[in-house]
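Worksheet: one structure, shown below.
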Amino acid sequence: MKKIKTAIIGAAGYTGGELLRLLVHHTACELMYVHSNSQKGKKVTAVHPDLIGDTELEFTDEVQTEGIDAVFLGLPHGQTKGFLEKHPFPAHTVIIDLSTDFRDESHGFVYGLPEVNKTKIQGAKKIANPGCFATGIQLSLAPAIAKNWVKETAHISGITGSTGAGKALSETTHFSYRTNNMSVYKLFTHQHLKEIKQTFGQINPDFGQELLFVPYRGNFSRGIWITAYFPFEGELQEAVQAYKEFYQNAPFTWVSEADIDLKQAVNTNKCILHLKKEKGQLVIYAAIDNLLKGASGQAVQNFNLAFGLEENMGLNLKSIAF
Amino acid sequence: MKKIKTAIIGAAGYTGGELLRLLVHHTACELMYVHSNSQKGKKVTAVHPDLIGDTELEFTDEVQTEGIDAVFLGLPHGQTKGFLEKHPFPAHTVIIDLSTDFRDESHGFVYGLPEVNKTKIQGAKKIANPGCFATGIQLSLAPAIAKNWVKETAHISGITGSTGAGKALSETTHFSYRTNNMSVYKLFTHQHLKEIKQTFGQINPDFGQELLFVPYRGNFSRGIWITAYFPFEGELQEAVQAYKEFYQNAPFTWVSEADIDLKQAVNTNKCILHLKKEKGQLVIYAAIDNLLKGASGQAVQNFNLAFGLEENMGLNLKSIAF
Amino acid sequence: MKKIKTAIIGAAGYTGGELLRLLVHHTACELMYVHSNSQKGKKVTAVHPDLIGDTELEFTDEVQTEGIDAVFLGLPHGQTKGFLEKHPFPAHTVIIDLSTDFRDESHGFVYGLPEVNKTKIQGAKKIANPGCFATGIQLSLAPAIAKNWVKETAHISGITGSTGAGKALSETTHFSYRTNNMSVYKLFTHQHLKEIKQTFGQINPDFGQELLFVPYRGNFSRGIWITAYFPFEGELQEAVQAYKEFYQNAPFTWVSEADIDLKQAVNTNKCILHLKKEKGQLVIYAAIDNLLKGASGQAVQNFNLAFGLEENMGLNLKSIAF
Amino acid sequence: MKKIKTAIIGAAGYTGGELLRLLVHHTACELMYVHSNSQKGKKVTAVHPDLIGDTELEFTDEVQTEGIDAVFLGLPHGQTKGFLEKHPFPAHTVIIDLSTDFRDESHGFVYGLPEVNKTKIQGAKKIANPGCFATGIQLSLAPAIAKNWVKETAHISGITGSTGAGKALSETTHFSYRTNNMSVYKLFTHQHLKEIKQTFGQINPDFGQELLFVPYRGNFSRGIWITAYFPFEGELQEAVQAYKEFYQNAPFTWVSEADIDLKQAVNTNKCILHLKKEKGQLVIYAAIDNLLKGASGQAVQNFNLAFGLEENMGLNLKSIAF
């Protein structure tokens, strides 16, 4: 099989590192170069030392656009548009952007949530990869939105691991602060609500309810937990059935009949869901890995779809489990 | 000053241990005996080894009722009533029960939440110490209930440390499971809702709203975080003012103008609150230590009140901070 | 390709679970049955819920010996011998035992440390898989033993994650105890020293030095860190060269020129080494995942070798990294 | 009682914060001002928010030297000498410096390790407070040094919490890096070895053995664990007796007959020791809180001694325990 010539732009950060960890063992992918302005000339293993033995690549700060079949963009939010203007890739190159810049589906980008947009992604050349909280919340509620069950405010609490804040040092990611601690940030105003509402409006044009989302900083490095609920008059089994049907062709999103916990999904590309009916509410739990299903794993899933590969190619990951 | 002759029943568990840590240095208290059926004959330091150098006491399984001014009961839920029938203490003995058994204020017990019931506690001989989540949630909402501001369902998420589950081994407190993990339990049905609604009904007989409470198991040992909200038409400053007035005589409950995090309260008897107004909701964060303000610290606070001591005697604790 | 018909005995524990996580995606392996006395009749995903979507298998308590090409034994230490007497597998079946029972190479078992015994393993039908600390310590010192450099007592400290203590509940794996804590156990007397000395004696019959090993319980779930040192008169570069040569055909054991940390190896089958020369000592750091290179990953590596497969088949695992 | 007029210089960091947490409740101490160049004009509670309700002080960048009975210096290492030259305090002011600058006992400073130097500290006006690892290691070995038992190289491994690295952000204190991780730094060359050897030479002029010390970065915020050993021909009980005698007047340093773990000492001013005899070695474990007995707690202990107060005044701290 002829391999897909692939590049990663902005490969020194956490999501770039996860892309590397996935792509060095992806049998359909040939990594042509990995780009980083800050780390140019260094070996990849100097920055991602766990990759020892897996790659001899070095970072470059040069951007080659010709002869590239696929490029992943892991630039800071707001820099992608300028980058693509400066470095126009050929029309046949599949561009998968992990930033927020094109999640509004401007400039011909498709929103890369395969559970909702699989057909569009399969034919796309430009894919905007969803945010981490956005992925967890959309997968929690999308089947209910599709059924038009959410007719009042939905209440959501979510807890994210520290890697969601990236590699840059900050007070709230200082170990002595973060360990054993909890706090809330961006109360009801998290920026991912925008892309969530866009998707829900596409699924169901009648949807217009408020989403009150409390995002917590968690005392762990990886993973996102979502609890979402809204008033629901139906039976639990009806809801479980609807969710299973909605995700019947989704190879990573599963409805668990048993109660779940976060680590079931950590270090995998899965989204594991569990539903409950209590006090007149339909309650959905979701567990994902924020760097995988919430970022780089989903990006590779979109890459697979865009190139007509098996959707789970290179993504049968062993969970951390414990 | 003549010291208060004090006993602890069920002193081998986590709340019993915290009582010991507080009372060995409480200058008005003389520990007469510490009781444990399971550990009788052992030195206290064999079970609570951090107390090395602080006490030479041994556990006993004998219950002396005469000559005891104050007794703390740290028995498993459901065992206190039988214990007191078998071991009747004199009428003058102050009984402080940390179990759920008398939180319904039956049998002459007063519900020991000083911020609400200080006057009753000052004259009480029988005090039922509140639950940990109950303390955090009540302190989050009591001023709003008093103002009759909660006119629709209030939404609450809370995260508890593992010590809330006690010393007994269980699958959800196994380190390999719990570390880096999150999960929900007793969704909307936590047993503390009963005592919370009782208090709110006492504060405001008109109150009858639903409380939808999502309790999380957190990946830390100590502390409870509460986020509570409900629709509110007033201004934030009005609410802050009302909360400060409500707690003006409370030496441990503080309204922070700045954003807060959990560890500010850990290893202290404080409840630290912060208020926000966003999307038409009044949102309250609360941070407590589940074993102190949520259990043994509040028990000592009640002890101080019952004996007319300074309310914060022996409770000026250094926070863990980091 | 005809698949290797494989069974797992004792598949409900941590090492059994890791075997399952590896083998469900191992393209040369067909899982015939997974055995557990305690969980018989349950779905595998009821016990290892992170495997949702990966397997529909159920645990059985029946042991089929015919038609099985390979069997992994994950029984408690001391039970394997009796099990094999009761359930004799045909002579052609490859038996890979993860317990300590045959690590003395009795009953025709080969000690399954590929970096030392690869040739023997390639022809073996009975393989005794090394212990976790044993793997880390042997890989730290084997090249130096081979060179006869260790001529005085070697000093070793090692820190293990909690999963080394297994799934059974215990006081030292209670979350409220273990989190933020450190302690030492089996000081200088850890049972793995026996198999370590056996290997070192095979590598170098002149070796007879004492190994003083301080094993720590670490505040994390996965991983083993080893620091080992002994007086060394040579140059660092000489040692680095010797280690690289010793491991030149080892696909998982790498000598890093840069300093290392534990998480580089966690959730992989790698052993990452780093050498220093300081104060006249050669110092070796090693990082492995106790459940993978220290148990189930190495077992699959042995499986690959025994069946003439690529040594790293099914073992190109994505590290947790963060 | 007339209170001791006290100032803290450099009070915005971790050790400064711990001094504040201790001194706001120290009944013999009156805090005159707290100094910080970086935080001047801010309320103390803006930087140490857990102190809400405990102090209304604000940071100042002015240094008042007159009328100050005691000053604690928490400046970065290397800045104290210049500071004192610029701001000469009167001869009667007790100066307690937490930096490394005067631990060599230059300029009239006494090394403030009360277990060794109590008499000198009681008469001192200038006290150099020991380092955190230095405290743990010295208390582990001092009685053996005094007995002249250490006649060969002593081997030491130690694990420190992240707060030892202070408040400044760094890659090795980034939560996503540090959590679940282990690594070694400053192998055999930690700067505290200098003050340790100085003390040991004072205790026993014949002492001149090498100390091989492996310092680990631990996956927790507070605490230092030390394991130290050397060949010893005597009986364990002889050693235990010697240690108990050496520490008989030390109110915070205890020899536990039972095995110990780190958290027994965390958030207290205690040093808890345990001794073992194994493989011909005397092995000593020590547990301290790096910020308390290893820094600010010991500074207050020195303050108490210098002013003739009870040595444990304000230092009967509740351990975190869990």
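Some points to look at:
Order of writing sets the chain letters: A, B, C and D. Residues in each chain are counted from 1.
The working rule: contacts are C-beta pairs under 8 Å (C-beta built on N, C-alpha and C of every residue); 3 or more make two chains touch, one makes a residue touch a chain.
Chain-to-protein mapping (UniProt): A, B, C, D = N-acetyl-gamma-glutamyl-phosphate reductase.
Here the structure is a predicted model, which is why all the values come from computation and not from measurement.
Just one of A-D, A-B or B-C has an interface built like that of C-D, with over half of its contact pairs in common by residue number: A-B. A centroid comparison over C-alpha atoms places C as the chain most distant from subunit B. Centre-to-centre, using mean CA coordinates, subunit A is 46 Å away from subunit D.
Inter-chain centre distance (subunit A to subunit B, centres taken as mean C-alpha positions): 40 Å.
Each chain gets a centre from the mean of its Cα atoms; for subunit A and subunit C, those two points are 33 Å apart. Annotation for subunit B: residues touching 2 or more other chains are 14, 162-163, 176-177, 179-180, 220-222, 260-261, 263, 320, 322.
For subunit C in complex with subunit D, the touching residues are 155, 157, 159, 176-177, 179-184, 187-189, 210, 212, 214, 216, 218-223, 225, 227, 229, 259-263, 266, 276, 278-279, 281, 283, 285, 320, 322. Subunit A meets subunit C in the complex at residues 14, 17-18, 21-22, 25, 46, 48-54, 162-163, 179-180, 221-222, 251-252, 254, 256, 258, 260-261, 263-265, 267-268, 270, 272, 291, 316-322.
The part of subunit C that touches subunit B in the complex is made up of residues 14, 161-163, 165, 167, 169-171, 173-180, 220-221.
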